[in-house]
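Just dropping this structure here.
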Amino acid sequence: MATKTIIGVMGPGEKAPPLYLQLAYQLGGLIAAAGWVTLCGGRNAGVMEAVSRGAHEHQGLTIGILPDAHPDAVSPFIDIPVLTGMGSARNNINVLTSQVVVACGMGAGTLSEIALAIKARKPVILLGYPPEDILFLQKIEAHNQIRQAESAAEVIAIIKEILNL
Amino acid sequence: MATKTIIGVMGPGEKAPPLYLQLAYQLGGLIAAAGWVTLCGGRNAGVMEAVSRGAHEHQGLTIGILPDAHPDAVSPFIDIPVLTGMGSARNNINVLTSQVVVACGMGAGTLSEIALAIKARKPVILLGYPPEDILFLQKIEAHNQIRQAESAAEVIAIIKEILNL
Amino acid sequence: MATKTIIGVMGPGEKAPPLYLQLAYQLGGLIAAAGWVTLCGGRNAGVMEAVSRGAHEHQGLTIGILPDAHPDAVSPFIDIPVLTGMGSARNNINVLTSQVVVACGMGAGTLSEIALAIKARKPVILLGYPPEDILFLQKIEAHNQIRQAESAAEVIAIIKEILNL
Amino acid sequence: MATKTIIGVMGPGEKAPPLYLQLAYQLGGLIAAAGWVTLCGGRNAGVMEAVSRGAHEHQGLTIGILPDAHPDAVSPFIDIPVLTGMGSARNNINVLTSQVVVACGMGAGTLSEIALAIKARKPVILLGYPPEDILFLQKIEAHNQIRQAESAAEVIAIIKEILNL
């Protein structure tokens, strides 16, 4: 099988706080170093841009699942822009295509991706989340899917555990 | 314009608690009595079935946006089953098509719809939600979109206020 | 079961020839008279507008599956605008949701709907098509799905035969 | 920009004639040799499998846009399986994501992709098509988008011309 391991990293766009941009950049670099593909929403903003830049600068392959039909807003660090033209409905594709979903920062789009990941029974890692958010999301899940991490390195360790590597 | 007012009611399927089934049934009846169309996920389970049954038994029109490509699991109280064949990606259609989104009960699918509604800047009414869930969701929104209600009648009053009726 | 019979009518938008607009208007009226729901692409142009106007003026219910996320371009004769926000990917929803697909006029979008209907094994009626187009499309199908008609009345007769009415 | 050139190759699955499988295999190899990414429907059948095998065996990167939510039917020659879970609605993503769309063999799914590509104003190359099919499809387009080729090498030459390479 040629199939590569794909790690999805979800997070806010324009309004992402600097802390999460830094975490996303580090995480992209570590995903690349592990030999995995980085998947994100693909736009040239926020966590999407930071994680793809981190992966790209560490020779990783990046795939972006865009809400748009046109490539105008694609991050320059995306190797493979998948143009869906279906707006936020593409969030479900992000989740289905990822072996593990990492949430880095919060927002309405990110929350929809966490929820869709839980629905699709995907493992979800919450990176740098406050305890009350973790508690809320653990109430929603039914299959012990949610894990938490405080650093990019910890995310990688959890992914290796999940994938039995 | 022939366009009818469409109220979306989102809630869990098979695992919906009886309290929310009762609220959904009442709400469907009141939406029908107001002359509006009831939109839901369309399956023959949980809040979807309860709200469409309530609307149907009060001579209301019901539309279900199904995840499936085939009509096998359509609620018998749905007049118009829209077969999307796109799984949970159809949750975004539920939200875009509704003038107001009412959440009745919680689950991963419902949470994704609340989040997608916030993302799409739709008004969202949380029916019978615990305070901590309301607090969490209010942190996500940015446009004062979220309202809360304790009864089906209160939901109708809020919708009339939102729609300037 | 509350489920209504839904007939999909597909055809070009802005560039639709007058002949097909007239056929679509007549067909909408006859679908309404038969007590069925008229489904179309929902925009305020071409065959979509003509068929929904025909249905609306004969007291029929009309549903439009829109490519857009916003209702700006909805035909005023559509009762239920389903806002998909997914562009031409919504063409597959048009087809899956219709019990029978009628093609009235030709264009790239319409051709995609005919092809998707064949793929989904839906019955397809070609209204007023030239013989060479019918021959081409019959080569594509594998389940004797394609029928041809020269008038709106003939379409209704074929639908009744297909639905065993 | 990290963005790679993506060439979409569309064609029938299980029923693909041997001639088109051979052309698809050759084409995948030549796309890989040109340094481009091969995009296809991603399933382990027909033209999808042949073109991805050709690309994979010539060290090319392959992306498959799957109709399914699960990876059960992914071709073993696909590097990046994008799991859409949206059935044939994913055909529009195939087309939007490709800089050039090549059709290799015919069927209902392939015809829908040609039509959607014309609708999205993408360049379309018909490989090994009979003259009457080319004539029919040229009637549908409005922007001189359709080109024809008799060999995989000719497809590559046309792509280079289209992309100004």
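Labels A, B, C and D are assigned to the chains in the order they are written; within every chain, residues are numbered from 1.
The rule we apply is simple: a contact is a pair of C-beta atoms (placed from the backbone, for glycine too) under 8 Å apart; a residue touches a chain by one contact, two chains touch by 3 or more.
Owing to the predicted nature of the structure, the values given are computational and were not obtained by experimental measurement.
What chain is the most remote from chain C, judged by the mean position of CA atoms in each chain?
Centroid comparison gives A as the farthest chain from chain C.
Taking A-B as the reference interface, which entry in B-C, B-D or C-D shares over half of its contact pairs by residue number?
Match found for A-B within B-C, B-D or C-D: C-D.
Looking at A-D and A-C, which pair shares more C-beta contacts?
A-D
Can you give the whole-Å distance between the Cα centres of chain A and chain C?
Spacing between the chain centres: roughly 40 Å.
Taking each chain's centre as the mean position of its Cα atoms, how many Å separate chain A from chain D?
Computed from C-alpha means, the inter-chain centre distance equals 28 Å.
Mind pulling the residue numbers of chain A that touch at least two other chains?
69, 84-89, 92-93, 120
If you look only at chain B, which of its residues touch chain A in the complex?
The contact residues of chain B facing chain A are 86-93, 106-109, 111-112, 115-116, 118-120, 132-133, 136, 139-142.
Quick check on the complex: what are the chain A residues that touch chain C?
Chain A reaches chain C through residues 69, 84-89.
Across the complex, what residues on chain C touch chain B?
Residues 1-4, 6, 37, 56, 61-63, 65, 69, 71, 74, 76-86, 92-93, 96-97, 120.
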